[in-house]
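Order of writing sets the chain letters: A, B and C. Residues in each chain are counted from 1.
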Amino acid sequence: MPLLEIKDLSFTYGPGTVFEKKAVNNVSLSIEKGDFIGIIGHTGSGKSTFIQTLNGLYKPTEGQIILDGKDIWENPKKIRNVRFRVGMVFQYPEYQLFEETAEKDIAYGPKNMGLSDSEIKERVMKAAKFVGLKPELLKKSPFELSGGEKRRVAIAGVIAMEPDILILDEPTAGLDPNGRDILLAQISAYHREKENTVLLVSHSMEDISRIADKILVMNKGNMFAFDDTKKVFARGEELEKIGLRIPEITKIMIGLKDRGYNVSTDIYSVEQAVNEIIKLKKPNRKG
Amino acid sequence: MQFIDVDKVVFAYDNDEETGNTVLKEISLSIKKGEFVALLGHNGSGKSTLAKMFNGILLPDSGDVTVCGMNTKNDETLLDIRRKVGLVLQNPDNQLVASIVEEDVAFGPENLGIDPVEIRKRVDSALKAVDMYEYRDHAAYKLSGGQKQRVAIAGIIAMQPDCIVLDEPTAMLDPQGRQEVMDTIIKLNKEKKITIILITHYMDEAALADRLLILDNGTILTQGSPKEVFSKIELLKRHKLDVPQAAQLAYRLNSCGFKIDELPLNADDCVKMILAQIEKV
Amino acid sequence: MLKEITLGQYFPGRSVLHKMDPRMKIILLTVFIVFIFLTKNYVSLAIMVVSVIFVILFSGVSLKLYFKSLKAIIFIVLFTSVLNLFYGTGDPLFQWKFITITQAGINTSVFVAARIISLVLISSVLTYTTSPTDLTDGIEKLLKPLSVFHIKIHEIAMMMTIALRFIPTLLEETDKIMSAQKARGADFDSGNAMTRIKTLIPILIPLFVSAFRRAYDLAMAMESRCYHGGEGRTRMKVLKYSKYDYIALCVVCLLCIGVIICNIRLPITLRTGM
């Protein structure tokens, strides 16, 4: 049984009003425990709406979301419990910080879960460790921290709820390359150690290709592709056609293939590309 | 005298140099008229602080910034400087003053006390320059990030500046918005000969500039043409800065026996380089 | 959702009302509202109600939006008119236990409902057809004489412009923060008054922090665009009365005369002030 099953999911904003707009259209897919899924798509492709239906912030207009064999809307009063199991880190999450200290802010979610003080304390410490926050920072006001540190406090706030599924919407937006690399590495380490499920939304194919096992591509509210990372990148040209930016390296490989060279195009790292291109040179030399 | 001269500028927030809050450490540089300069660096490298020095939003603790010979410390010429050097900020939501696109664009010229008929002309031509003319009577908050940013740029252009400083204008945008803004910036530089100072941490954007300045910890780490700067891959990596993938690939191929005459900075150039190498033999 | 609030929103268009001078619109709106409350019988009330309908049709803004603006006040309208229904004096038309309904009660409640609805609709016409900048410009010009009392009219108008510009942005932000806190298990829907106020803190603090951050950015952007107060400032759109304004002025004058004549000549239905 998959951990999360999405069946014929559709979502329409303001049905029956002037603002009516279908954002997600008949999406079905299953997510297994331990999956690391990258989600890409344009602004307005429905990906933000899609992830917000997964933790019950939006109720699907049609279709079902089945978590561990149970429809999450079976008992609408218990929807809060779904939100504890499907944790969501929004874009620019640092804008939601409000407590006196970073520690208290991280504890907000666990507190809402009704955990004991000692349990909360332990979870806060663990979560802070995952995102690389030094203990001395925890006593500070979140507003005194640097931009990158604030972001980490906010992410820790969701991790501390120890959700089975962690969803992150553009967690690296606005960070510099160094900050981005560190954060992605931390998310990746969190996924490895906890062996749980992570969904990561990003505009950057480079980022996604580096850490995701599977990729979900959304286009105009529809599921355009959902497959292993390598298989999705093999469709690089199609992705470009729907206006997505593919990694520079993939573009180079497609360029070589267009000139009649037999290279694979499911390549997205410099390492892979070097190996592939060196192969090209050797047979030529012999001839 | 250069168009903009930055001479041994030191700046610290809180004016407390002992705690090591010094953001700019005796930085000197100059910008020529019509140039497209990109300033790169980590968060905290001082690049945004430097951006706010060019039009006197921040003033140096010591050292001088002069624009066309006018010192930013001189109150009397400050408005002249700000007319010549416009500033576009990162967050597209926070810099639009009026609710309607054309009224926002008119804000700058109105402050300059320009004749209404002339303002109308300038607003129309500025909106056309950023390709937002058909949105002139739209509500600003409903636009996409890229569109808002282009309206912000139009608001500066309407003051007919010599130079636009853009402080991470694409950091909060999606790829499409980034593309729109970059296309606009390049068009303004090439067609209207407006000097561009672009602060960014996207390497592919910096690669489009005439000159690249890399800031690290309040000083200039290195500078030169994009090809010169990106060929110092080891230095950049040591300072945890990105290098365009095409350049990285070329660099790696180079150590595997490929000859590189000129460093490729984008996919097309890189494909050409590889082909030249394979087909030559 | 908060995003759908239409209050104070402007809908661009090319109607006659869009072309009118904001000053004239503000003056006529004021006169109009006064006369809505001066109607004393059904004929004069009908004159005003019918003209409100005509003005709405002339505005070129979708009728749906007017219904939306009414949705917000429907409770107040019902409440006050039902209340008035039972407060009439005179011969009862209907009596059941302690409830008495009189002709006067019916009259008052009809008048109250019609007046509030007309008031909201006609005010919506002003905000729907006038850009916020025009509106504040109009107010600035009309209040100009007050500057002799050292009231800073330009600053007030600028503050209004900025407030109107940022209302939608902050509403959107409130929505986002609410979602983010809900995702962390915040419960905004249950609990007593005290706990409900407490649950607002995680929304209000981030909202204030963000408003300050935006204000800081905006101040910097305004300075960069050479803002230095109202002195020496010109405007792109110079307010000028056009033929539409004079026509509107005449129409409203005629309506007022009509209302006055009806009030004097025809029997008075409503004696109370409200």
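One rule holds in what follows: a contact is a pair of C-beta atoms (placed from the backbone, for glycine too) under 8 Å apart; a residue touches a chain by one contact, two chains touch by 3 or more.
Note that this is a predicted model, so its numbers are computed, not measured.
**Student:** So which chain is the furthest away from chain B, centre to centre on CA atoms?
**Tutor:** So the chain farthest away from chain B turns out to be C.
**Student:** Return the chain pair with more inter-chain C-beta contacts, choosing between B-C and A-B.
**Tutor:** B-C
**Student:** Averaged over CA atoms, how far is the centre of chain B from the centre of chain C? Could you give it in whole Å?
**Tutor:** That gives a centre separation of 43 Å.
**Student:** Where the CA atoms of chain A average out and where those of chain B average out, how many Å apart are those spots?
**Tutor:** 30
**Student:** Scan chain C for residues touching two or more other chains and write them down.
**Tutor:** none
**Student:** Please output the residues of chain C touching chain A within their complex, sorted ascending.
**Tutor:** Against chain A, the touching part of chain C is residues 1, 4, 62, 64-65, 173, 176-177, 179-187, 201-202, 205-206, 209-210.
**Student:** Taking the touch rule as given, give the residues of chain A at its contact with chain C in the complex, in rising order.
**Tutor:** Contacts found on chain A: 14, 17-19, 52, 55, 57, 80, 83-84, 87-88, 90, 93, 95-98, 108-109, 112-113, 143, 157-158, 161.
**Student:** Mind listing the chain B positions that touch chain C in their complex?
**Tutor:** Contacts found on chain B: 52, 55, 57, 79, 82-83, 86-87, 89, 91, 93-100, 102-103, 106-116, 119-120, 123, 137-141, 152, 155-156, 159.
**Student:** Residue numbers of chain B touching chain A in their complex, please.
**Tutor:** Touching chain A from chain B are residues 42-44, 90, 144-145, 171-172, 174-177, 201, 203-204, 240-242, 244-246, 248-249, 252-253, 256-258, 266-268, 270-271, 274-275, 277-278, 281.
**Student:** What residues of chain C sit close enough to touch chain B in their complex?
**Tutor:** Counting only chain C, the residues touching chain B are 9-10, 12, 131-133, 161-162, 164-165, 168-169, 172, 213-214, 217-218, 220-228, 232-238.
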